[in-house]
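The chains carry the letters A, B, C and D, assigned in the order they are written, with residues numbered from 1 in each.
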């Protein structure tokens, strides 16, 4: 079933508990900090349900229609289709929604492509976890749900042994009780991006756990409105600009990050996917295509943002009359090269696809992680480059676009701020957008997001290290040494 | 005379016209967007007038006491004293006030150290411009004024010939009428940092003018409240945080940038320093120590910020429990090296001082411009490095510090967010400061400021090019070639 | 026909004139500076003619067998095949032969895929230039020739108008006479990489010419042994190491760069492809797939070298006992990411292929130029990184491997230089290879080669600028501005 | 006593054992690999002994004259004098002799400024080590000796515990026997730069030792010709160019690096400075001004090279006709800024000098280590930048300058290779120098040297970390937090 935007909005009006500082929000669809973004997600659901988008955005199975990001791919064509769907969503949001509904859904679809992995650990309490995964995969796609995840321990609490040595309970979420009906959770998880707007949140562990962290090793799905769950949102960035024109992106696309605090949250067994198995709780992302599929979405999402950035750079150079300066042109050429490099790596992921014994396929894992690394290494620098192209532009413009509403000011503004090629209003709008994307607090949250959404750089490089064909590469050296050891 | 903060505040309550978008502000000392910063400037005046700071902050001449940044230096000791005064001001504001009162005052003091330069152009209307400069130097220091300047044409309007070719008036400020009493100005200048809080603004031209730009080539001083002058402020950044604790820097130190729009502004001749002389209007900064003296202040100011940044990096590393990680320690060592490098370049400016025929001295020009270049090349990267050290820290904290006011939330917050070494409240305060300095809109305005306050990189490098001893350096090559041309 | 190595060697023993300083070389197959490399090219011909390599290295047309790099591709499969052939050749030479026989041959094949371009200029002397191109394409592939090119003016001579203004003849190669039998050439072209070992050299112009450079605008093919042609070779780098073990790469793979000096060289019309047409002489590379096909070979060639570099980095880290250090592991992960990024861009070129109206295809042009830019931006840094991994390793080893020949020294060497994991001899061989690839003069010639083989960075970025979809990218900005201009 | 060059050469003709591969060299003053450099050192001694250089190069004490680098500084003037002497030596060798005679002499002078440090460990065998240090300091300066040092373990042998765990003797130099007459040494030390040309080598430990490395913890001085000492030289780089004109630097300034192998080397107690004290063996460099004084020499030496590099960049830009291109001019300005930055840091070291309780002074330690870090971070990039300015220049020139000796070739060369501004011969000489400094094997040995001469980057950053005023810097953060915690 493909939900409409209206259906989506209704379902998240579920009495969830969200905190902005000490303020308690109960309806995120109407609160000024969240209403615009909620509206955007709803529009995305409408777009997806639109019959005109049928082929691009959904697939059919067993006579039913599902969002395309729930498709388990079996061919290059399937992969290309999935990418096109990610791209449509990313383009819709200009790459600014990191955890758009297709992200965690792709991860979960990947998990469900090798459900037997979930039974590879010690069976707990006679649960058939693989079956839970398959059931929930089917349920999520059938109900067309928006999933978020919270799979990191809080930053200060990553050395459980230290806490133990001082006889203190670490704040990390854990199972504190369990019985035949299910488990009870207490503690905190970070950093549930998008959870404020999602239907459910997946609790889990993307970082390796110590063998002693048995009770932390729980993976499960919670409806956001579950009693005992509170989302502590970070500062909303949708309110910094005075109007949509002054913050065309931040006012509409702040997906919000939250800490998930659980106090005596009861979870039935059917919603539990990993239990009492520290190794498995992390391994599910690696032994299934879960990680590769969700991060391919991240690649495509970043690509959309990169295209916007490159287009913006060109517009700014023109607006500043700098487009013909050789150094500026070289910068634009370099930015265009980066966009093409990224596009090439994404297309290469299809060409170099990998096949599973089950008949499923996924995109080339090495190229995918290389693209993650490329984004990590280059995003901040690209933004800095474009900020440099801006010159002092953003600061010579009025505080906000309300000047346009005052005829006398508007007249002065037009006569002093316009250039030969561009009206003052056009410049204002362009630079407000540029600043929103590159200089606002929203921009800087994105800067941090791009630095850390897969993990810090050493984690990203470790993924690249893990999958490299070292024997083959080192063999090249051995071959030369062997050849040269012979007499000349 | 050394003014008190109270006297300072009274004088700027002069009915000046400041626009925030379409809102007209008349009293900047009480408007919420500006009041805090005005209070900070006032506190700086009080500090300077404090007898305990007498030696560090002022000097005596002719029985009168003046702010030290008006001192015309004649020895290394004078230079060291001037630097110490800049440092006291910079430390007071953590290096966040780029155009603190000692900046333009230093520039004007430098201009007045070689007043004959002002008579080197064609004399206009029998004015003795050198005398105007000396008179105003004496007046500025006697009245202990806070000066700003606006010495750039608006960004879009830098090709006057293009405007002419289309028969359009460029928006740049120019003399539109003149008579025996003085000149009349119309047009716009950017980017008068601090002008909202200053007593007077110097109008001038730091970029070379075309020979045809005779009427733009005016340098003069205007009280901010002069009829016909309007300051169009950029977006105030002091209001983004909910409280001082949530934005400990932005709420207090937003110096504000403004466009200066002049409509039929009358300026008496005594306030005019350059007139009808495109070459001279720019050359005054180079042929006098004006540019070197104001930018030495910029060096010292940047140094204060750099020290705060390095200290913050260390605090963040500790708060995140990362202080002992070798890679983090190496980063901190590298940051410490950068701070020491900068400090060394500033001390070297004293050791390598340059003497003028008049008996005056100024700091070493090459080392000063090298320090400008160093800041330009490294500031954004340093900030990025520290943002990377922050990890997702800023986003796992509550939206604002109001959570501390709600006892129940404060309790939960303390129990989940505290670490073994640090209370949750301490972490909150530290990361709010870090984000304010590195991630807020205020932070990004500083990013742009550090990129452009002396001009874009090619301008900064041109200063470095201009003063390099090319003959000596190329001679090294010639010497080796000559030696090697002989038979071995 | 597929030549054997022996046939190749015989044909280049044609009395060609090659200068090493003042020394005149006539047989490059036996001169110590060139013999090893000649042997390597011959081995490459043998490998290509080996029936076991038939499918990978050649194709059939009209009952005849040709080297695969002469194949005009019509499908993705053809492109994949061409890439595999390039890769076999690149692997054979570890990516160290920039202008291996498949490079210029690919360029010429590309030219011949759109021969009508050659007739688009003014017809000269009733010549059917498109026919010349097709004829020579057929001849080159039939005789299985090794082509080089010399398509740049000498460095000092790029402003012909300056020469003219001083009434001096610029040294650039030009047509100085012409009659019914053909043209006569005088002057110099750079930088004919590989020409010492090639059968023929293509003379041409890859940089735009001024409209006045009519006589420079000649494109033609010359057998290297043509009377009047002299190759002035740069310093041979094959002789720096005392033995193959001391320079396993430089002793074998120095392809040599040469200036081509022509003195009264006569060229029959059938060998002329462009004549008296400054615009066309450059445009042939852009309007045909010539440039894209030759530079795809460059991509594949660079990839081979990159793989060797990454493998070497890992071997060095192990040899130095640094493989388990987190920072080193992160570096290796980063290098692996770069290799995967490059591989992805190459595979992406197939996935994103472009079709010509003629039914031919070529690889995606934007991804190809992006890969060129990536290599240009990263090669020097990668090498620097690996040199850093080497530590002082290269200098603690003996001057050369002759120590192994002296039993007493060999014993001491083994006992002091071996480590727990590696014999002294193994370390010696590994570091000699590393230094040869990264620290020798041969290494630094490669550093320059990778910087300039397509042109300096601004040229490379210009190619990337030219083909970017600016309208689409800028349209993204326009879309957001349009949406935000509406009331919130 | 100030030695003449002749005296210097005679003394190093002492029968020392030097190996080049399997070749045994006994007289380094005549062997072609070393003779030129020996001649250069001799010329440096002559320059130093020249009465005209008396004030700059030497000082008087107790009626005797000593090389200035043995001066124990007591004032800023002394520091400035020492710097001037270092600069004279560095200029003489263009900064290419890293361990010129003033380097280790400065280190030893620093050690002798706090000799009591040597008695702070456990006294061994009733030796008064402080007295040994003072005696040898006096002897070294009296005999005007050239000292080298070898203070690193061999690269593969840095984990002694690993060797022990496998019951193998690590190859590191250690005391293997001791009696009343002295100690006996066996084993290897790296990397004795300059030792081939020095009088004596200091054996020691600049890296921390493990507490168990008692026998490795020996610091002593050995005449190079001591029986049992063999220097295993790395590949000589003085022979790669065909003539001095083809390698104007490498032929003359290859200081050579060597491994020092000791087999049953007997050292009398008077030559031993540290014995059986792992902690002290390393600490002497830190607790005395030894490290700061030797590395200030390194700063000055690097500065000389930097000036040559910047001068060369300008000459190359002019030769290539690129001097007026804006991007090139910006690069030159940037290079000039880097040179001024470095000069400023050196002058700042005087201004910020530090005083010892003994009345001695030394340069500012933090600025000195910051300058080391700056060189480390920037040297490779500067060279890369200049190589980029070179374009393909180096490869379009003939193999060597012998072409000038053949009149016919010289004529052709002049007519084709000259530009409007420069004769072909001048270009040849300039580019041969440029390549020698930036592209030759000699250049790349320098690249490695600048990366590692104080240690790898993490060591350099650790020095910078150690001396940073963390309390003061962190206090800045604390101050802001404290101020902001109060109500707004």
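Assume a residue touches a chain if its C-beta (ideal position, glycine included) is under 8 Å from a C-beta of that chain, and two chains touch if they have at least 3 such contacts.
Values in this document were obtained by computation on a predicted structure and should not be read as measured data.
Q: Can you list every chain in contact with both chain A and chain B?
A: Per touch definition, common to chain A and chain B: C, D.
Q: Have a look at C-D versus B-C and report the one with more C-beta pairs in contact.
A: Result of the comparison of B-C and C-D: C-D.
Q: Taking the mean of the C-alpha atoms as each chain's centre, how many Å separate chain C from chain D?
A: That pair's centroid distance is 39 Å.
Q: Can you compute the centre-to-centre distance for chain B and chain C, using the mean CA position of each chain? Integer Å is fine.
A: 51
Q: Going by the touch rule set out above, which residues of chain D reach two or more other chains?
A: Chain D, residues with two or more chain partners: 326-327, 330, 457-458.
Q: Give every residue of chain D touching chain A within the complex, in rising order.
A: 326-327, 330
Q: With touch defined as at the start, can you tell me which chain A residues reach chain C in the complex?
A: It is residues 36, 94, 243-245, 248-249, 251, 307-308, 310-312, 314-315, 326, 329-334, 336-341, 343-352, 364, 366-367, 369-371, 373-374, 426, 429-430, 433, 457-458, 460-465, 467-468, 470, 472-477, 480-481, 483-488 of chain A that touch chain C.
Q: Using the touch definition up top, name the residues of chain D that touch chain C in the complex.
A: Touch list, chain D to chain C: 19-23, 152, 154-159, 162-163, 166, 168, 171, 187-188, 190-191, 232-236, 240, 242, 257, 259, 261, 319-321, 327, 380, 384, 387-388, 390-403, 405-406, 409, 412, 415-420, 422, 427, 438-441, 443-445, 447-448, 451-452, 456-458.
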